[in-house]
Amino acid sequence: MRDPGRDSGWRRVWDEPLFKTGVGIVGLLAVVGLLLTALNDIGEISFDFMASHWSFLLRYALTSLEATVISFAVGFGLAIPMGLVRAFGPGMIRRGGLARGVASPLYAIVTGYAEVIRGTPALVQIFLIQFWVTSTFQGVPGISLWAGIAALSVNTTGYQTEVFRAGFQSVGQGQIEAAKSIGMRPTQTFASITFPQGLRLITLPLANEWIALFKASSLLWLIAVQELLWGMDYIGTKLNHPIDAFILGSFFYLAILIPLSRAVTFLERVKRIPGLGVAEPQRRALFAARFARLDRV
Amino acid sequence: MIDREKPMVEVRKVRKSFGDLEVLRGIDMQVKKGEVLVIVGPSGSGKSTLLRCINLLIQPDSGDIFLEGVKVNDPDIRPEWVRQQIGMVFQSFNLFTHLTALKNVMLGLTKVKRLDGLEAEKIARYELERVGLADKADAYPAQLSGGQQQRVAIARALALNPKVMLFDEPTSALDPEFIHEVLDVMTKLANEGMTMVVVSHEMGFAKSVADELIFMDNGVIVEVGVPEEVFASPKTDRMRAFIGKILG
Amino acid sequence: MGGEDASTTLEGRPGTRSPPSSRSAGSLRRFDYSRIIKNVAIGFGAAVASLGVFVSLGLVGVYDLPYALSTLNALKLGAANTLTLIGIVIPVGFSAGFTFGWGRTSHRWLTRSISTVYVEFFRSMPPLVLIAFAFLISTAVLLGIPGLADRIGDPNSFAISVSVLALAFHSGAYQAEIVRAGIQSVPTGQREAAEAIGLTKARTLVYVVLPQMFRISLPALSNEFASVIKDTSLLSAVGILDLAYMAQNLSSRLIISRGNIDNIFLVYVEIALIYFVMTFVVSRVLQEVERAFRVPGLEAAQL
């Protein structure tokens, strides 16, 4: 048949996953480009219009990013102690005595908070918090953005609490016993074993939460925050270019989210410590959990 | 000689229940300095619980535990202080998955003994050398074989310079070809005069190394004696049945 | 391992007579009706009790009970519309998800590429953007083509339907990834073993791959369904009178009529409770299904 030696070089290049992905992306861009050109030619969309308005949208995209980054950071700070309560509260309660007196109400409050946040739509939370913030701080300039950031923070705290709980809980009992056996105190055990291992286990869910939060930031449009979707809507309805607005806006969302999620997946794979977390066959099943959006929005 | 008379570890009338299940029902035993004690018994007989009571990973319900004559299961004594002086090796190794072999050994030195990094590293490398794994210092646990992981775990315990070492079935999770390397390290330790309490069914090890053997069943000590004699002429039926089972 | 795999395969084929030993294993039980009845009773009791607490709080004057009663009609309409939306979005989304998830594992590169593009696009776009622009663009296109609007009837309801579909496809992209992961996590050995005993490809799929995939992906799917319920609130943005719309509508009416502002919180508590009950019921039911079909060795990984 064919001489295996002759095309083996090309074969090897072709089999390289990066090369395949590259060809795929170039091909996709070509198809999309052709499609857009055709639409441009029949006048459904206008390249000139997009070229003159992308910087207009950029400003609002930055607002979306700002809201996401701030509320994610707030959520991260609050969720670590709350995740601790969720993970270790039941154990403290079982111990009885003073520990029980302190832990029971804390555990009940944190669990209730996480359940309510995860069980109700973000939109409903946003409406309510926006109403409360704007009626309390009437007339403060830029208050609607801060109301939105507050609402997103409240929302992401609930989700991140569950992420941390899962991370802390999945650190094995043997690891903790071994730490105790070399004489480490509970705080040292947490700082040297539970926290670093837990943090590695939750890199992906946490990145997932960031991505979900960035998408949720689009809801702020509905409480009149001037973010990316507001800008898209402005171009779509006020300037009457809905398709152009959609293409431009999609470009911003995809340009921010797809490389980011790819980078996180890649980093996690490179930085992974062998044996920590999930065994290889289970990783695939975990994939499902990863792409389920952690109960989001 | 006088030293050898003083019990390093003494356990008096220790009882422990989990819910309705009484796992230890009044255990009395002692280990003198430099002695090796091997505990055998069917699974569920309370061997592991006894070991965990000695270093207070489990608090006994009643009874006393003494380390060099000091009662350690006392509310005034921090369990961490006790555990520092008692090394423990687990059946499932329990190496810290996120740390390299070297860092595993160093952790106790830097966090518990508060040594500075350089000194801790020196000690850690020495201990790894002692278990024959100097070249694996930078490997993560998952990159080591079971036998190597268990040897790192021994080095981790040794690094804190313990007075006693507890071994909880150190070879039962190992593939047969790795068992001897762990037993070799343990034999070397015993010959160096380490006080050891070993839960294990390795009869060869018990016969050649142990000074005393305890047979436990159902939370009580059934037989005590010199290993050779106990194996050769068991006094109780339960012991005889057990020996029959493990010899196959 | 081998034993478990064998029982798994038998599990997917109720018609196969399996040896009595595998039937008697506790974890192979199907629905444990006494458990289910007990759970339903507990759930019902809890619902009645909390409703009782809620109403009696109103009776003692913690909140404005007459106002709460006056909102009931609006809430009923909103809940009915939300349920209708769920009834449309979940089946459509699941069909799309299954098709494209299957496509993602196909050997043909074109099928694979199309599915990948679908998944990456719909998953990366915020659902609200998809909904808003499905509405805007379909309205624009409809009005842009002369004569079409008349033939379609009400252009507004057409645009709304497209928005609902957009949400379904968004959810479908997530479900596609779940389905794909489920299919891929069935080891190749299972497929080989099935083909080795002479099953055709289609039968291998139906009797070996799907039953295992279903068990592995069920928790993730149930998560996704709970998300979809909450996502339907976004459709209030295009004017569907669902629960989230009612929340806004009732509260703005309170502001305009200068009513008691505290009642706004009351409205939101009511709406949140209804959503909470919906997500809770769906995830509990699916949890029960998962438990009923669980076999040893096929537990889904969860983090």
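Order of writing sets the chain letters: A, B and C. Residues in each chain are counted from 1.
The rule is simple: a residue touches a chain if its C-beta (ideal position, glycine included) is under 8 Å from a C-beta of that chain, and two chains touch if they have at least 3 such contacts.
Everything quoted here is computed from the prediction, not taken from an experiment.
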item	value
Chain occupying the most central position, where position means C-alpha average	A
Label of the chain whose CA centroid is most distant from the centroid of subunit B	C
Approximate Å spacing (C-alpha centroids) for the pair subunit A, subunit C	20
Computed distance of Cα centres, subunit B from subunit A, in Å	46
Euclidean distance of C-alpha centroids - subunit B vs subunit C, Å	52
Interfacial residue positions of subunit C with respect to subunit A in the complex	113, 116-117, 120-121, 123-129, 132-133, 136-137, 139-140, 174, 177-178, 181-182, 184-185, 187, 216-217, 219-221, 223-224, 226-227, 230-231, 233-234, 236-237, 243-244, 247-248, 251, 261, 264-265, 268, 271-272, 275-276, 279-280, 300-303
Contact set on subunit A toward subunit C in their complex	24, 27-28, 115-116, 119-124, 127-128, 131, 135, 166-167, 170, 201-202, 205, 214-219, 221-222, 229, 232-233, 236-237, 242-243, 245-246, 249-250, 253-254, 257-258, 261, 278, 281-282, 284-297
Complex interface listing, subunit A residues touching subunit B	172, 174-175, 177-185, 188, 192-193, 196-197, 200, 273-276
Subunit B residues touching subunit A - in the complex, by the definition given at the top	55, 57, 79-88, 90, 92, 94-98, 107-108, 111-112, 140-143, 153, 156-157, 160
